[in-house]
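See the structures that follow.
After this come two complexes, each holding chain A, first together with chain B and then together with chain C.
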Partner chain A sequence: MSIEALYIILTGALVAASSALLGSFLVLRKMAMLGDAISHAVLPGIVVAFLLSGQRENLSLLIGAAASGLLATFLIELLHRKARLQEDASIGISFTWLFAIGILLISTYTGQVDLDQECVLYGEIAYVPLDQISLGSWWTGPRPLLISGLLFLVSLGYIIISFKGLKLLSFNQDHARSLGVRTQVWHFSFMAMVSLVTVLAFEIVGAILIVAFLVVPAATAYLWSRSLIPMLILAVVFGVLSSVGGYYLALGLDGSIAGAMVSVAGILMAISVLIIKVLKRT
Partner chain B sequence: MDNWWIYDTSLWLVAGGTMLLSITAALVGGFTFLQKRSLVGDAVAHSILPGVAIAFLISGQKDPLWLMLGALISGWLSLAVMDYLNKHTKLSEDTAIASVLSVFFGVGILLLTYIQKKASGEQSGLEGFLFGQAAAMRLNDLYTYCALALLLISITIVFFKEFKLLSFNPEFAQSLGLPVGILRVLLNSMMVLAIALGIQAVGVVLMAALLITPSAAARNLSNGLKGMLWVSVIVAGFSALVGTLISFSAPSMPTGPWVVVCLSAIALLSLFLAPQKGLVARLMMQKRHQKKITDENLLKAIYHLGEKENSFAAWFHVEEITGIRDFETDVLKSALKRLIRKGLLLRQGHSFQFSRAGLDEARRIVRLHRLWEMYLNKRLRLKADHIHPNAESMEHIISPEIEAQLLEELDYPERDPHQSPIPYKP
Partner chain C sequence: MSLEKQVVGEVVLEVHNLSASYNRKPVLWDIDFQLTAGQLVGIVGPNGSGKTTLLRNIMGLMEADSGYVRLFGKGLNEVRDRVSYVPQRESVDWDFPVSVREVVEMGRYRPKNLLRRLKTSDQDLVDQALEKVGMLEYAARQIGQLSGGQQQRVFLARALAQDADLYLMDEPFVGVDAATEDAILKVLTELKEDGKTVVIVHHDLQTAFQYFDSMVLLNTRLVAVGPKNSVFTKENLQEAYGGRLTVLSKLSQVIASSEFPVREKGFKEKTGKGDPQDG
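Entry: the complex of A and B
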């Protein structure tokens, strides 16, 4: 295996693992489609941050994306609770509107924004090895690998620190409230983490494939497990497997690596559904 | 010449095609909206991609009929998989939708990139399915799409009543003997086809908007299903026209996002600002009601003071009033100002007195309160110590007609169950 392949697989695996950890709670809280909406809605924020800062610099992108992600959550709540629009339509209208604005901004400032529609949708993981960065003299490697490594550490740390709160939030919100747990704090910190993963993974795997990484390995793990910790571990395993398998599938077909990673995640899920079905019968 | 565009036939061709596709999506999407399946529609739109790619791989050409067939099959397959995951596994509906959406789309991307690397030039139009290709529609393709769109519109008109029943009350439809299963399959197929067509105009990601945003915009501006569908069709056609015109005014401007931004703008305006049903109108009405209730409670409190002092002509200090009933300071201030403006109260420094009209109004509210207590006690046999809270809210609602009936029913009583006198007009 070449070093380039290792870089790509490792980056994909780290993004998949971070997404799987957070995505497990999205699945348990029945908020998978909200994750989908946020992953689209961050686009205008990213483009505006791009235009203002003039470069692909992570901190400003993060702020821009967080702002438009928050705007989307706020808009969905406003439409649903105040304007009394049904929830599915509130989500549908909010994210399509923001995504359309993002695409228009990209087309208007084509020259200034180093983003295009394809990149937005399916990322540039194949170019991971080209984007090199040096940390002093002791490490030189791809920047996306460094970012996804940090992302994984932050996600893991967050899950460990807030495990109890997230568990209560996912399984029994009312009970949590009655215990005096400040559920809003956990809710918003969780949504902020989901936005963070979305933004950082955005340029690596693209908008829609983030949703796949967030939801599919977690859903597959959910099918197999009866308690939370095994589910989290399984979700990470399925995420990493998808990343490794996807790389070689893409190599074989000479196609999009991110697309292939999601395809493998889907195949793992389909096999799981079938095996569980057979096991249940016998 | 600034009005070159009036004579640009290709512009009007694209505008006409986009309008027809948008109108079809809005019409079929009205039922998707009513069935609360907006996100299912979104998932189907993404799931069409692998079908189109496989159809191209098999047929080796970009014939719109072949691609439509592939789109239909994979759209249907995604519906079936979502349904299966939802019913036969422990995954919740939203997880099933999100999984199908992302996996089908991922497979589609993989196939599309595979085709791009393998085939030559010919495949270039397939990206149209991803981002919409309104501006690049070819005349022959347009004919096919228009024929299919007209087919969908006519089926909707023919089966309007059946679809309406199915969307609002499937159990009732079944009890009427309608073939619910077949109708559902028909409606689902129409949704998939409308999505496959609409994608030509706006692309995969924005397709959900074409399907449901017109209905969301129409909801607050119309009554009844027929009205909603008419308004949504007009909104969709208008947005498609405006979107096309804007995108033609500048090079490299995509049509789809402009159509969607236009649709969303109308929908948001209607959801927030529509007369009567809009958010602002409803909040204003709530505020008016709240003010009315505060005013009436204030008059009542002063009346109670008058009863205690045995004089309705006396001047009462603000602190005496708040001694009877607790008001927030700001609320009390503005209510007093309103009542003075309406000529119901007179003011002298920090003291207040009823005007003639004010006393009459206060009497009316106290009368309604005590009459209602009487009714609850005498007719509904509720205990005297249980009836006050209910009367507190009913006194603000009872209309003159109901008051007259209450009076008759109770035969003009003198005193309420707590032995307080019921005030009549002198």
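Entry: the complex of A and C
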């Protein structure tokens, strides 16, 4: 295996693992579509941050994306609670509208900035090895790999610290509120993390496929699990398997790596459903 | 309208001129009553009469249009630790990957200890709660593997672990087996004997009369409140249920025979879907 292949697989695996950790709670909270919403809604934030800073430098993109991710969360809550729309309608309105603004911004300024729609929508993990960064003299490697590694550590740290709160909130939100837990604060912190993962993953798998990374490995793990920690571990395993398998599938087919990774995730899901069906019958 | 005649005790719950609505349709209208400590209170009324809404308003889970609630003479936030809320069993996903013990542990969660481990004293309370409802041997099971009655007992254990003084329970008898019904009643009686107050939303008038000391009879408005004998009059029930006579005649039989405890299987195995007149 070439070092380039290793970089690509490792980056994909780290992004998939981070998504799987947070996605597990999206699935448990029956909010998988909120992941979809966030992943689209971060687009205008990214574009605005990009236009302002004029470069694909990560920190400003990150802030922009997190801001518009939270804006989407806020908008959804506002439409749902104050305008008394159904939650699914609120989600549908908020993210398509924000995404549309993002698309409009990209197409309008597309001549002036190097940010094309293809890359935003589908990502390009194959370019990971090209974008090198040096940390002093002791490490030189792809910048996306470094970022994905940090992302994974932050996600893992967040899940460990917030484990009890997320469990309580996901299982029975009314009970959490009756205990005096500020569920809105927990909800927004969680959504901020989902936005963070989404924006960092978006460069790699794109705004659309990140939804699959958030939901599919977690949902597959949910099918197999009877308790929460094994579910989280299994979700990470499925995410990593999708990344490794997807790379080789893409190599074999000479196709899109991100597409192949998500396809593998879907295949793992399908196999799981079949095995569980058979096991239940016997 | 007052309960003081029956039980002389501290006022634990006051509801003042409470009105609430869903999608601009009034569900509760000008509800005003108070309850004293040390009794089992049933909130009864027909489907859609606002029973669950009343409980959710007391727990601050939805915004009232007007009016307010006092618990132990204070606002809810000052006395959270003394109040325990048990939502309807169907309100959670029982396929959720947690064990019985983990659910009961959540009764010990507080805003301040969410980032920390539970203490040994918390774990002891969890053990005691599981023991009281007879679920200690199932502690390691995933909640999805339990029967409906066992799931309800887990919810009860979670409430017991909260070690509160006022318990608000939404339909704890729905879909439970006879063994669970007995287990729940035993726990409720113990709570009452310890001077605690239990307020239960219940849809079945016949069993309500057996279980509870006092009643809050609702039909969007407050129809009556007080000791069960004074609430369950023909006039009150007619007002609440709009003269559905099947209910009334069945109930009068129950009241007439209340000297003899009604313990037939037929009552215990009610699945509890809908009001009694439906079945």
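Some points to look at:
Assume the second predicted complex is superposed on the first by the 281 of 282 C-alpha atoms of A that agree within 3 Å, B and C clash if a C-alpha of one lies under 4 Å from a C-alpha of the other, contacts with A are read in each partner's own complex, and residues count from 1 in each chain.
Basically, a contact is a pair of C-beta atoms (placed from the backbone, for glycine too) under 8 Å apart; a residue touches a chain by one contact, two chains touch by 3 or more.
These numbers were taken from a predicted model, which means no experiment stands behind them.
Partners chain B and chain C, brought together by superposition on chain A, fit side by side with no clash. In the superposition on chain A, A:Phe50 contacts neither chain B nor chain C. Shared-chain residue A:Phe190: touches no atom of chain B or chain C. Once the two complexes are laid over each other on the shared chain, residue contacts for A:Gly165 go to chain C alone; chain B is not touched. More residues of chain A are touched by B (comparison of chain B with chain C). Legend: residue contacts after superposition of the two complexes on their common chain; A:Tyr222 is shown touching both chain B and chain C. Of the two partner chains, neither chain B nor chain C is touched by A:Tyr7. Put simply, the three-chain overlay gives an angle of 60° at chain A, taking C-alpha centres for chain B and chain C and rounding to the nearest 10. In the superposition on chain A, A:Arg177 makes contact with chain C only, while chain B stays out of contact range. With both structures placed on the common chain, the touch criterion links A:Phe25 to neither chain B nor chain C. Think of it this way: put the two complexes on top of each other by chain A, and the tightest Cα contact between chain B and chain C is 5 Å.
Across the superposed pair, chain B and chain C both touch chain A at residues 30, 222. By the touch rule above, chain B contacts chain A in their complex via residues 33, 36-39, 41-42, 46, 85, 88-92, 94-95, 97-99, 101-114, 117-118, 130-131, 205-206, 208-209, 211-213, 215-216, 219, 252-254, 256-258, 260-261, 264, 267-268, 271-272, 278-279.
Interface residues of chain C facing chain A in the complex, by the touch rule stated above, are 23, 56, 59-61, 77, 80, 83-85, 87, 91-93, 96-99, 102-103, 106, 109-111, 114-115, 142, 144, 158, 162.
Here chain A touches chain C in the complex through residues 28, 30, 84, 161-162, 164-165, 167-168, 170-172, 174-182, 222, 225-228, 230-231, going by the rule given at the top. Interface of chain A with chain B (complex): residues 27, 30-33, 35-36, 40, 79, 82-83, 85-86, 88-89, 91-93, 96-97, 99-101, 103-104, 107-108, 110, 117, 121-122, 208-209, 211-212, 214-216, 219, 222-223, 249-250, 253-256, 258-263, 265-266, 269, 273, 276-277.
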